[in-house]
Structures are given as structure tokens and as C-alpha cells.
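Labels run A, B, C and D following the written order; every chain starts at residue 1.
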Amino acid sequence: MSDKKRVRDIHAYLEQFEDVPGTRVYTAARARKGYHINQFAMSLMKAENRERFKADERAYLDEWQLSDEAKDAVLARDYNALLDLGANIYFVSKLISTDGLSFAEAVASMTEHNFEDYKAMMAAGGRSPEGLRSIKGKY
Amino acid sequence: MSDKKRVRDIHAYLEQFEDVPGTRVYTAARARKGYHINQFAMSLMKAENRERFKADERAYLDEWQLSDEAKDAVLARDYNALLDLGANIYFVSKLISTDGLSFAEAVASMTEHNFEDYKAMMAAGGRSPEGLRSIKGKY
Amino acid sequence: MARITAGVASSHVPLLGVAVDQGKTQDDYFAPIFAGYDWTRKWEEEQKPNVVILVYNDHASAFDMKIIPTFAIGCGETYASADEGFGPRPVPDVEGHPDLAWHIAQSLILDEFDMTIINEMDVDHGLTVPLSMMFGQPEKWPVKVIPLAVNVVTYPVPTGNRCWALGEAIADAVASFPEDLNVQIWGTGGMSHQLQGPRAGLLNREWDNRFMDLLIGETDEAREIEHIEYIRETGTEGIEMIMWLIMRGALGKKTRALHRHYHIPCSNTAIGHLVLEPESS
Amino acid sequence: MARITAGVASSHVPLLGVAVDQGKTQDDYFAPIFAGYDWTRKWEEEQKPNVVILVYNDHASAFDMKIIPTFAIGCGETYASADEGFGPRPVPDVEGHPDLAWHIAQSLILDEFDMTIINEMDVDHGLTVPLSMMFGQPEKWPVKVIPLAVNVVTYPVPTGNRCWALGEAIADAVASFPEDLNVQIWGTGGMSHQLQGPRAGLLNREWDNRFMDLLIGETDEAREIEHIEYIRETGTEGIEMIMWLIMRGALGKKTRALHRHYHIPCSNTAIGHLVLEPESS
């Protein structure tokens, strides 16, 4: 596990994270891009905000500095699109909870499986890392 | 300046600070004691709070978890008493500014001098550290 | 003199909090997970620790994007359960131990750890779920808690080496606290899980178990595992395991395992749980 | 490649901000203070730095007792002037440099500094007064600013050694930023002053000047000065001088002094000002 020298160069360090298939590591670049999406999601920690959001989602979204793309992704609950726009799953989880969805169901919606198949995959030991560790290395 | 070994033990480190004449170093112990005084003072960063405070100082103070001693010290602008109760000067400075006082005038009020004499002392080079460095060491 | 008598590692999956709060711990799905904590609940009853230094991460609850502390230590009197979008968990408030917390905070800063001191915050499932796993549903938590929140969300998170070293410094700090206290340190989060993207659902039983092996005995190899290895092998949220290193670092040169549990799956996550005690080598 | 081309140290007394804002800089009281900055104002006009890493302390403005970060780095787009009790200073908003700031923040965390990242905050006189001293009253500040806030209020504040090491790590981080930028680092606060208690008004011309001497040339002796020495010799608020060590650490092994100024008094404080450049030894 530890036969490598520690990566100290920030460029090399960050570059590694782009080499993982089907994965967006929440780097500064993503954090900056998704700033207002994440702050919007965070606002749903207050019951009164959840009520206002549920009453008129678009009106609530219009209060935030969000692109149309981001608003559409929220309205469609397209989590992969949100992540591409710099959202982080722990922030977005407040939206998932507001919807009363289980975390597993929301997470499953980002994969190739429907929820039933996803649950079956997890019960069978989950997704194997085999072949999913590195895009370049293909291992 | 640097012929001493660094003090690593927190007890010894903190003990040194009690050895300086006429001085209260803002340690954790003081920060805990003065918590609500400092948070009260901080609230005066908002213009509307300053107005409310000026309109009825005691009523405003009653909104905070303050001892009678602390309230009296605020009302009397007894800064040394406030510091003894765990206030920190940077927090208290919001009270000084609310009063429209200059920082030097408020600071002078904690010393043996009236403001004129204090200004004269400062113009003459300030208070000498001679004899005021250490209670125990008397140097 | 205060001493760190044991270390506990545990996943902190929110669904386990739901299972406790809704009385589902004996359901088919949850029973095998909770069974692995039976030993520990009993052991904790005997141990009666005074204080737990609870290493966890805030999941965008107390801290939003405005402020991201790498290491934050709670020096407050009490912490309420956070509303993470479905109301706060119905658990008792968490009582702090400001005397010991401030002592540790002060010692760490003198020891050149750049701590952020927190006096008021709400605590989320990362902190309250492990309490539920270890203590069930008491009227009042039977221990005082010093929350130690680690940024594992926004990269770079602290290095494994820095986490281990923080643990070592915490042990030194506790040992210099004059009051006689039985202190435990818990490392929470993990094990393998990825909660995002097409790769979500990744689990790695083999790697997780190797990681647990590395926390037992005398090796300190785990402190050099790089962030990218956690992500490749255990999923993006597997990075939470760096918090176990803080616990391990605080136990000294050598440890002995008292109890070990591993179960797949819970929601999207592999459950891992380990009870360690320091062993003089 | 970005480079740190110079370091500037300066007191940041609030009254100097008042003097600028109220057009009093040529009064008898203030003229000798501002005269010592004439050289620097001209030099800055020639230097045209792109970015200033501005090391300062928050004086209970952005941070209250709820949260106390040891080292906080501002990664935001813009910062407004704080209302410290008499309305915000009438100065332009401070523009950040998020690209470089995030780069430095990331590098520092990888380098095992436990930074707190700040995206939104107001900045107080500690940051805006030095800008006024160096640039006067422009419509818009001629540089972008990366605020680096250091806790020098609640003890323990970081050790001198840690501050110096942070400066060294900042220099490494800047040097690995690909864009060609002229970066300065400023250390602010100090010199001798005590704003509290019967001992208030303490000033120590001799010690202050010895401290300035120690920042010039090749010695790194100043990193070992203990907190108690600052307090005994220069007053409780003299501790702000540890922020100068971050600036000095970022300039490498050896420095050359371009300009130096010392004046007593300004309000309760001794004014010190130093312009340094790195020198290859």
C-alpha cells in the first residue's frame, strides 16, 4: 500500500483525480464552479426554506445565482448533471432528503442500474473496483 | 533573543502569562469567562444594534447572558473590570467605537494617567518596559 | 492524569441512525450489522469512559462553502443535532468537555497544528450515528464528547501522515491533562463507498480488511497511503478512512484488537468496526 | 511562473485609516508617520505587483468567539470593508485572486499546514489600513489581494517557528503557480503596543529595532522568539509581529532591506515599516 513516494506537487496531485472512471473528485476547481448550487442545497437545512422550495421550486431557485443549466438539473433531479456542474453529494443530500428519498435510491439513479438492480448489486457485494481504478492504466 | 528552548508544556506556557504586571493575556480561561461579554460587544458591529443599545443600554444588555457585574462594568465603561471578567480589547473596541471615543482615550482610561498625561507619555516615547516585564523577576 | 484507554473505529452511515430512530435494528437487513456492535455496547458499559474524542467529518451541515476548516475542535458546552434536510435526529444533545477540549486545543497549537477552535455548532450524523451504535437510545449520552471535525470533502483533505501525527499529538495532550479521566478516541466514517456518478456502489472488501489489518500491531504503514489510493480502491467517500488514522495515531506505537466487525452492504456502504487498545511494545 | 518579488512589513493602526479617510495625513501629528511611507508609495507605483498576499489579523470582525481559525486563507472573489463599530471605512472593495489563492491553499494543505479556507468575509483595518498606507486613496485598489488571517488574539497563537515555516511553504506554493505574476507578501501589525490594563502605552524602541534587524540578512533567529518575550518586551498587542515572520519566511534564506521607517507614537502604538527583497546568498 505504501511503496510510493508521497505526491507533493499540487498539479500532479490533482491530475491523478481525473484518472478515475465515472468519478468527479470534489477539487477546488469543482468547488468554485458549483459554489452557488451547493449553497442553494445547503439552504434546505431550514424547514421554512424546504417549504418555500416545495411550494414553487423554480421561484426558489431564481433567488440563487444559478445558471439555467443548473436550475434545470435541480428541477430534473439529474444528480450526475449537478455533479458535472460542481455540486458535491453531501450538499446535494439536503435536496435528496427534502424529497424524502433514501440516499441509496438517489445514488442508484446516477448509475446504469434501476434501484432494484442497484440494491441487488450491493447485496451481492457491491460494484467491484476491477477495471474501474484508472482510465489510463485500465486496471 | 533566542537562547531559550521553546516551551512545549502548555501549563508552563500559560503560567508565564500571569507573570506580566498590569496585563491580562487573553488565554482560553479568559476567553471562556468573557464569552458573552465579547459576543455582546461584537453585536455592536451592526448599526441597528448600536441604535438599540444607545436607546436603552440596560435593556439591550439584558438580552445577553451577562452577570450583573458584567452589565455594570459595561454601563460604567470600566474597561479594566471588563478585562478582568474575560473581555478582550478587540471585542470591546466595538463599544469604544459606538461611544465615538478614540482608541487612545479608552486605553488611557485603563492606566494611572488622565488622557492628556497619557498623550504626553506617548509623545515622550511611551511607557518603558523597565521593571514591567516580570512580576517575579522584577526586571 | 487523563489517559487514552482505547480506540474505536466505525462507519457512520446515516441509514443506521434511521434504523435506530425508527426501531428497525432487528430487521433482516439491519440485524447482522447491529449484531457486530453487541460486543462493543457491552464493553462500553463496562469501560464507562468519561470522555470520547470523536473524530468525524461534517457533511456540509455545520460548515458550508463559506468556511472550510481542515481540523476543527469543539470546545463548546453542548451541541445540538443538525437538521440535514429531514429534521434533526431525535437524539439527546451532545455534552462537550470544554476543560479537556481547550486543553487539547491549546496543546495542539503549541505543537504546531493549525487548529480551528469551534465554540458553537450543530453536529450531524457523522457524530451522532456512532454514538447510537455504541450506546443505543439513552435519555442522555453516557459520555462527554469532544468533536474533532476533519475536512474530507473539499480537496486536498489532510494527508494520512498529518492525520496520524495529529493523533500522536492528541495523545500527548491528553496525557498532560491533570484530571484523572478515562478517555477514548473514536475514528469514524468509511469504509469503502462511493456516493456519486456512474461508479457509485463500489465496495472493496479485500482492501478494507487490509486497511483494518494495518491499524493493528506495530506497523505505521497506513499513514503513507495516498488519497488517490483510497479513491481508486474504495470510492470517493472511502477517503473518510483517513479519520481512522487520527484514532490509530493516538494509540501509540502498538495496538491490540479487542473486537472486529465487517459487513456488506449498508445502503451504499461497507460497514467496518474495530475496537483497539494501546499495547506497550 | 509566479514569483514573490518583495516583502513589506507595516503596522496597521486604525487611526492611520482615519487620518487617510479624513484627509489629515499632513497634520503635524501624522505627517512624520506618512513621510516614512513616501518612498514605498513611489516604489509600489514602479513595482506594479499583480497580487499581494496580505498577512494580517482579524480584530474580532469577521470571526467572533464561535470560530477561531489559526490560519485562514481567503479564496473569494471580493471582500468588503468591515463595520467595526463606526461604519465601514470608505475604501474600495478588495478584489481577491481566487486562482492563486486556491492554488496556495491546496499546496499548503498538501504540505501539512492545516489551513482554513474562507470564501466570504469582510476585512477590517488590519487589512485595509496597509493598503491605504501603500496606495493612498485610489478609486480601485491597484492590486489583487489574498487575505491571510492569523489568530493573534486568543492564546495560544501560532509559534514564531510555525509562522516562518508557513512563509516558506507559501513561497514554494507561489513558485509552482504557472501564470507569470509579480507577487508581494506583506506582514502587518505591530510594532510594540499594549492596548489594555495599567501597563497600556508600553513601547520599546530598542526591541522593535532589534526585531527589524533580525529580518534583514541571513539569520533566522527571530523564528525562535517566544510569545512571552513579545508580551514582556513589546506589550500584549506586540504579539502581532509574529505575522511579520510569515512574510520574512516567504523571502527565502537571505534578504536585503530597501527601505526602513520607525516612528513613535501613533495613538498607542509604535509604527514600524520595512521593505525587503529576497537576495540570493
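The rule is simple: a residue touches a chain if its C-beta (ideal position, glycine included) is under 8 Å from a C-beta of that chain, and two chains touch if they have at least 3 such contacts.
No experiment lies behind these values; they were computed from the predicted model shown.
Counting C-beta pairs in contact across B-C and across B-D shows that the higher total falls to B-D. With centres set at the average Cα position, the gap from chain C to chain D is 38 Å.
Computed centre separation for the pair chain B/chain C is 39 angstrom, with centres defined by C-alpha atoms. As a whole-number value, the distance joining the C-alpha centres of chain B and chain D reads 23 Å. Inter-chain centre distance (chain A to chain B, centres taken as mean C-alpha positions): 48 Å.
Taken residue by residue, chain C touches two or more other chains at 65, 106, 110, 119, 154-156, 159, 161, whereas all remaining positions touch fewer. The set of chain A residues touching two or more other chains comprises 7, 10, 13-14, 28, 35. Arrangement of the chains shown, judged by which pairs touch: an irregular graph that fits none of the line, ring, star or complete shapes. Under the touch rule stated earlier, the contacting chain pairs are A-C, A-D, B-C, B-D, C-D. Put simply, chain C touches chain D in their complex at residues 65-72, 106, 109-110, 112-121, 154-159, 161-162, 165. By the touch criterion stated above, chain D contacts chain B in their complex at residues 14-15, 59-61, 64-65, 82-87, 153-156, 159, 161, 192, 194-205, 207, 210-211, 214, 221-229, 231-234, 236-237, 264-265, 267-268, 270. Partner chain D is touched in their complex by these residues of chain A: 7-11, 13-14, 28, 32, 35. Listing the residues of chain B that touch chain D in their complex gives 1-2, 4, 6-7, 10, 13-14, 16-17, 20-28, 31, 35, 38-39, 41-42, 44-47, 50, 79-80, 83, 88-91, 93-98, 100, 102-104, 107-108, 110-113, 118, 121-123, 125-129, 132-134. Chain contact summary for the complex, chain C toward chain B: residues 75, 98, 102-103, 105-107, 110-111, 119, 173, 176.
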